[in-house]
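Each structure below is given as structure tokens.
Each of the two complexes below includes chain A, the first together with chain B, the second together with chain C.
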Partner chain A sequence: MAHFDENAKPFSHQWLNDRLAIDTLKRVLSTEYWIPKNINFLWAMGMVLAATFGILLISGIFLLMYYQPNTKLAFDSVNYTIMTEVGYGWLWRHIHGVGASVVFLIIYIHMFTGIYYGSYKRGRELIWLSGMLLFVLFSAEAFSGYMLPWGQMSYWAGMVITNLFSGGSLHADGLVEWIRGDYVPGQAFLGRFFMLHVLLMPLVIIGAIVFHFGTLRLPHVNNQDGEEIDFEESARLYKEGKKAESKVIPFNPVFLSKDVFVMGIYFIFFFYLVFYHFEFAMDPVNFDPANGLKTPTHIYPEWYFLWSYEILRPFPTDPGLIAFGFAQVIFFLLPFLDRSPNVAPASRRGAFKVWFWLLLIDMIVLTFMGKLPPQGIWSTIGLVAALLFFALWIALPIITKLEKKL
Partner chain B sequence: MSNRRDFMGMALGGFTALGGIGALYAMKKTWDPLPSVKAAGFTTIDLKDAPENVLVTEKWRGKPIFVLKQSKEMVAKAKKSKEIDRLIKIGNDYYMVAVGLCTHLGCIPGYDPSKEGFLCACHGGQYDSTAMVTKAPPPRGLDIPPFKIDGTKLVLGEQGPEYKKMLANGITLPV
Partner chain C sequence: MNKELKILGIVVIFTLILYWGVEPFAHSQMHKHVEGHGLIYDGKADIEEASKDKKEVKKKFWADVKKIASLKGDVASGETIFNSTCASCHMKGASNMGGVTPPSLDHAGAIYDKNFLIALIKNPAMATNVDHKYKDTATHPMGAVMSMVSSDQDIANVVAYIKAKKAGEVTPKEAFIEACSRCHANRYGKLTQLGEIPKTKSNIKTGQDIDKMKYDQKVAEEQNALADYLGKLPPDLSIIYRARSEHFLETFIENPQSQLPGTAMPRTGLDKEGLEKVMAYLEETGDPSKPARDALGPWVLAFFVIFTILAYLWKQSQWRDLH
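This part shows the complex of A and B:
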């Protein structure tokens, strides 16, 4: 049986330690969780994401108090009650809208940092997979949240995205009607997406974030050279006071202080957007109430979905759906499609360097084309960029197989 | 000993699975469209006063229904291209009646009377005046809602003999 110190005062350090092992927890999770020294500001994106998620959660709680999940009331509860009546309601809405958009910018930076430095290989596969799972969950969370103001873009995005589940020629209209709970998006649809947005998805996301942190603990974060660090040896040196010789620093307080610095810069940018440029996250079309008898002239998703939307668009229905499905899952397979054993920055990996920059540029081109109307030269550029996307993923196993071992 | 534990494990697992399946079934049914939603499915529209080459939009089950009375030239063109079967004939007049949702992903195409055709702004699909697809990505012409002819009126939601014939000939898919 565990030993409990009879003389320890309730809630004293000793008392808590006997009951919760707080010293051990603190050591394992923070003061002796080692981070390599050889990193840069891009390694702070994880904590920036965690902080942004926290801000989304807090602003969401305040919006939830006045939002009405009813097709007749939803639009006004957002655009009238929250925006004009509720004290600082506009602040929560703008934080929530800007946060939902910016969180994807940081996710993409976080993802491409991982791709550039090869941080999905040699023991780090589960970090990549759980991260991709989070990307999918955040996408579902963003989509379900976009339905809630019940404006024209909400309604028609809901219509188009749920129609994807008819599977093209499979013509599974029953499934689509089941998902909507109606022939078209209506009260049943709004109610269930409200539930998903405020309860089920956030719960699953929080679980996935904990899992993502868990997958990181044993392999540790990568570093700028992809060097395999002997963490035990480096930790011993650090604890002996030979901090200069050691290749690592503790997560808390040393790395966290760097994180907090990057977060400080980030939040200046974030709140600049919230206060002065919130309109970029507020589509003007969504300030018209939902109308099932009128499609807006241009329907496009938020900027972070444009690249995959553009992959769907140039093809006929069935190949388009297959292409779209491919684009959604292919990033999951990255650790297995990259056949090279090298964990190193892309700049030292020959053909992979070209692959990385082509992929990044191609996705930016797809993003721009997705926003433009599907006509003339834009259609052609979109088609070429979509085909290049597939060519790149097919080429990946071949070029990495041929890569020289560093 | 081990057998007894296995038996208890399997018995517990079996009953838990049974309960789980029951719960999943209940959850599935909870997501189903409500009976009141299903029941509100019949609409009557009168075609008598529909003007030629002007698109009229009605509403059925929350979906827009396009009605386009065909001009003589449009009928002649449809006869030539064999799309005449897509039209509903009442007396000597021909009407295009279809669900006004693009068969690609469900946007509402817009009608241009000067070009006598539809354009879907979402992904660039096009249809002619019989609502047959003329440019991808839509896989087929606009779907025709179930209808029954009643004089100059159409009852949407009910399946008349003309509609059943269209279904049998593969002119439209069931909506």
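This part shows the complex of A and C:
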């Protein structure tokens, strides 16, 4: 039994400290959570993501108060009730829509930052894996949310994506029906995706964020030079007041002040989109109510899924599905496919530098082609880009094995 | 600092390229581009799109329209013809004929183009570019007008009368009701094909609203008739403003066949004012938050600019003695 100060006033500092160890918590999680000084604004993207998730959560709660998960009412509850009758309903909806799109932009920036600086290896494997878990969870959250307005794109994207689970010539139609709860998307389908979107996925995501933060605590974040820092030594210097000589800063308040500044810039961008440029985040086709008898001319997923969609499309059904499955998991394996011992920015890693920029450009090309109708030159470019994607991942262990130790 | 700006530049450039590819570029490739004709109804597009055997007929038709347009119309005799012919179908409480209810013409002079009106009286099916649906264009629901008002001078007179006396200030909602709502409901604007939805009351004891049920039945019957006439029920236009681009809507309304070849939707012959008003109404029901956005936006952005400046000062104070 620990020692309790009998005279401490309830809820006083001492009283709380005896019961919650708040001083220790504060030290471990914030004032003595050491961050390298040598980092740029890209290291603020994690906190920007956390903030965006918060925005999505709050705006989502407001939308939830008026949304009706019923195939007959859903469309109008969103497009009429929330947009016209509920005070500032339009604001919450546009914040939620823009947030759902922008969060993926930031996720991709955050991921490619990790890849560029090699922040996924030598002790940081779990950070990467938990990050990828978050990516998958956010994808599921975004997809289930996209079903809710029950517009044409909700319905047909729901149809196309759930169809993938039939496994091509495996004809696992029973599985598809099990997922849909019906032969085609209908009330059962909407109901379960509603549940996933507003309850199960957010719960799991919150857990995964906590886990992601947990994986960061011991290895600490990387830095611009991939330098291995002696955190204890640096922390000692900092605490002795030799701030200029120390290579680290405390998360709170020093790094936080920069995080908040970067967030400010991000919020200006974010709310500019919310007020003046939200159309990109809300597909026009989804403003036609769902109609199972009328297939839209073009069916495509939201922009952040396009690259993996394009890996599926240029191939015949079965190889396409295998390729798609490959694309979904391959990023998980990055820490194990990169065989080089170097933790350094890609610019100093020779062939890896080329690999990095090729991967980025290839994924952008795949994204473009994923939206265009699969005809003529577009399908050819898509096929080449998909093949290049595989070639890059096959080449990765080889080129990193050959990489010279820095 | 310099390095950070360079990195920011790279991130911004890649983001813009990405945006360009999935938005403007993709959309330019997915939809065929249709040029508008500046709301000039001279049959040019109709003749171009017509099948070979129809070309000559159409050429002649639109040449005649041009001829009539050059005649000077007499408003007073136009009024007489209007009251004895047009008003017999286009009256208050008009009923469905041949699948569709004749619209009110109270602002016809303001919202329809002069040449279009001439063409419409001369041959409604040709003017609205749905003649492909008819063996004999006189069987168009308004086809009877062809034998009722047949001389060129009479046509010129009626049109002169409409342009002079049936114009006046028209609201966006009136324009939509007169030009579109006989076919298209707008549930967010509380409009059915029969006009504005009347207020009804339910019986307190039973909770039933019999007047509403009766009204709903009438709407359903009107919709059945429309679907029989047009082959399908024209879609509700409540939120079409966000489902289609402005350019699509404008060129589609000017000449539906250009965007959906073979469609049953007739050309409505709106002039500049008519189109503006109809578009304004579609925006009002489809994107009603625009004024609120424009009012609130600058304040929110100003808040975050100040927030960012304060955050920058805080950051500077925290980082001052680090280097």
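Please note the rule applied: the second predicted complex is superposed on the first by the 406 of 406 C-alpha atoms of A that agree within 3 Å, B and C clash if a C-alpha of one lies under 4 Å from a C-alpha of the other, contacts with A are read in each partner's own complex, and residues count from 1 in each chain.
Operating definition for what follows: a residue touches a chain if its C-beta (ideal position, glycine included) is under 8 Å from a C-beta of that chain, and two chains touch if they have at least 3 such contacts.
Predicted, not measured: the structure shown is a model, and the values here were computed from it.
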TODO: Based on the superposed arrangement, let me know which partner A:P202 touches: chain B (first), chain C (second), both, or neither?
DONE: neither
- [ ] Could you figure out whether chain B or chain C reaches more residues of chain A?
- [x] C
Open item on the list: In the overlaid three-chain picture, which partner chain does A:G186 touch, first (chain B) or second (chain C), both, or neither?
Closed with: first
- [ ] Tell me which partner A:Y276 touches in the superposition: chain B (first), chain C (second), both or neither.
- [x] second
TODO: Examine A:P373 and indicate which partner it touches, taking first as chain B and second as chain C; both and neither are also allowed.
DONE: both
Task: chain B versus chain C as contact partner of A:L164, first or second or both or neither - done: first
Open item on the list: After the superposition on A, what does A:L91 contact: first (chain B), second (chain C), both or neither?
Closed with: second
Open item on the list: For A:P397, using the defined touch cut-off, is the partner it touches chain B, chain C, both, or neither? Pick first, second, both or neither.
Closed with: neither
Open item on the list: Touch test for A:N40: chain B only (first), chain C only (second), both, or neither?
Closed with: second
TODO: Look at A:H298 in the shared chain and tell me whether it touches chain B only, chain C only, both, or neither; answer first, second, both or neither.
DONE: both
Open item on the list: Does any part of chain A touch chain B in one structure and chain C in the other, and if so which residues?
Closed with: 297-298, 373
- [ ] Sort out for me which residues of chain B touch chain A in the complex.
- [x] 31-34, 37, 57, 59, 61-64, 101, 103-110, 121-124, 136-139, 173, 175
- [ ] Can you check the complex and tell me which residues of chain C touch chain A?
- [x] 3-4, 7-8, 11, 14-15, 17-19, 21-23, 25-26, 29-30, 187-188, 235, 238-240, 242-245, 286, 288-289, 292-294, 296-297, 300-301, 304-305, 307-308, 311-312, 314-315, 317-319, 321-323
Open item on the list: Help me check something: in the complex, which residues belonging to chain A touch chain C?
Closed with: 37, 40-42, 76, 79-80, 83-84, 90-91, 94, 105, 109, 243-244, 249, 253-254, 257-258, 260-261, 263-265, 267-268, 271-272, 274-276, 280, 282, 284-285, 287-288, 297-298, 303, 306, 360, 364, 367-368, 371-373, 378
Open item on the list: Quick check on the complex: what are the chain A residues that touch chain B?
Closed with: 156, 159-160, 163-164, 168-169, 171, 173, 177-184, 186, 188, 192, 292-299, 312-313, 315-318, 320, 373-375, 379
